[in-house]
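Scroll down for the structure; my scribbles are underneath it.
Think of it as A, B, C and D in the order they're written, each chain with its own count starting at 1.
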Amino acid sequence: MFAHSISLAVAEKIVDEVLRQGRERGFQPLTVVVLDDGGHIKALKRDDGASIMRPEICMGKAWGALALGFGGRELARRADKMSMFMNAASDLAGGKMVPVPGGILIKDGKGTIVGAVGITGDTSDNDEICGVEAVKAVGLTPDVGD
Amino acid sequence: MFAHSISLAVAEKIVDEVLRQGRERGFQPLTVVVLDDGGHIKALKRDDGASIMRPEICMGKAWGALALGFGGRELARRADKMSMFMNAASDLAGGKMVPVPGGILIKDGKGTIVGAVGITGDTSDNDEICGVEAVKAVGLTPDVGD
Amino acid sequence: MFAHSISLAVAEKIVDEVLRQGRERGFQPLTVVVLDDGGHIKALKRDDGASIMRPEICMGKAWGALALGFGGRELARRADKMSMFMNAASDLAGGKMVPVPGGILIKDGKGTIVGAVGITGDTSDNDEICGVEAVKAVGLTPDVGD
Amino acid sequence: MFAHSISLAVAEKIVDEVLRQGRERGFQPLTVVVLDDGGHIKALKRDDGASIMRPEICMGKAWGALALGFGGRELARRADKMSMFMNAASDLAGGKMVPVPGGILIKDGKGTIVGAVGITGDTSDNDEICGVEAVKAVGLTPDVGD
């Protein structure tokens, strides 16, 4: 279905499942992106009522996870313990790194990173729940950085 | 009064009322902007005696509120509790996000965001008072993030 | 179908129809975005095999059309006749303006701009054909800048 | 009425007169800014229907005039004859310089620059006409760079 990176067919399913999860759970309107293993967008959707900077935020969560190779929860821990490093990394990245939960690595059966999903709109914990469920729903493995 | 977003006629009234409020209350010279729901300027005025960076600051207050969908008071709370997230968001926004009171969402009767007003010049609390009064004066609903 | 701007439901249909058109016509892999009337992403998809900068390019086509209020074909004409202006505008926009065909304004029945679609991957003319067909397919009016 | 720089009271009159001129002449929706002699916004208005990047463009016209001390018509001539210089100047300015007609220096009776007005929305020539009339209407002298 894919070799090194996630296909559009799988990325679409993850994006749609994230939105479905958010609506079913009564969360705030979500915005979600799936990036390939090179950090480039495969699919992104912003639900009606989501605020205007949400696309950049979900991209920052997913890109940050790929950039350092950890899920957002580990990025958040490092941001707490090593704030100077994360500030420097954010500058280095031209700002496009958001170190909070809701950035999730997507791994295949061998543990290879094939992409990442970023979600924003509700609390970071709730954002993450939707992403985890959506990655599992397509038979892949979410890595939130626990 | 407006169709898709706030009209210039309404934005002008808000801007002028903010300046009038500030002068009547003896506040420091104010600068005020009204942005439409997409974050683009409709009207901006900087009173005589206001310092040179005030336009960027009031734009950052209003834009930050629209960007995340919260009034400035909630942005300030999040900046306290989640400083890394707000730093990252500020970097992501190229700096144009100022998370303090004085950035106010403007909502219509149905609760839909139709724009935002940003005020700077006096204390953030005083800036906010003028904005709240001005939004009410045109029959719309201010959301300061309380 | 949409209130203040294009809804996600309509944006999704346009994005999917653009990809379907491109595949049916045997075009190179396309990348397509729909922006709302404020220039913010509603939906974006990059087909398998599309190169890595395609998301930024299609966003630049759609954003440029909204930024100046003309379809990409008119932006291209102006870039020919007034190259200094378009260079300046591109610098002013931080680079996120691509003045070629394939950036299409989306208008409602009253001629109001409700968003824009940007397509890239094949020739600009072919990109545009897919966008025009997709906007028509949802009952809205494409404005390519002719 | 003002010493080194234009007052808000005068800037407001210029901005409103530009919009009035544009509407009376049946021009496309205009966006207009008045900057003080330091290049900082005093007043800006974007008429309903004007596209989203218009504030930046009118600021770029007015700022460019102040930056080099010539009206936009002279900037345009230099852009033609010395394109490398104007490209470099644009880069140096972080992009905020738009070398076309519609950026007009505002001078007092002694020929001192007290600010600048920038207009965009219709053709550059039409933009300029509205600015010239508005500066004259407040008893000041427009310098378009002729």
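Quick note on the criterion: contacts are C-beta pairs under 8 Å (C-beta built on N, C-alpha and C of every residue); 3 or more make two chains touch, one makes a residue touch a chain.
Because the structure is predicted, anything quoted here is derived from the model rather than measured.
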Furthest chain, CA centroid comparison against chain A: D
Centroid spacing, where centroids are CA-atom means, of chain A and chain B in whole angstrom: 30
Distance between chain centroids, defined by C-alpha means - chain A, chain D (Å): 44
Residues of chain D engaged with two or more neighbouring chains: 52
Those chain pairs that satisfy the touch definition: A-B, A-C, B-C, B-D, C-D
Parts of chain B lying in touch with chain D, wherever the complex brings them together: 7-8, 12, 38, 40-48, 52-53, 55
Of chain C, residues touching chain D in the complex: 38-39, 66-69, 82, 84-85, 87-89, 91-94, 113
Residues of chain C defined as touching chain B within the complex: 3-5, 36-40, 94, 112, 114
Contact set on chain A toward chain B in their complex: 50-53, 56-57, 60, 76, 79-80, 83, 86-87, 90-91, 95-100
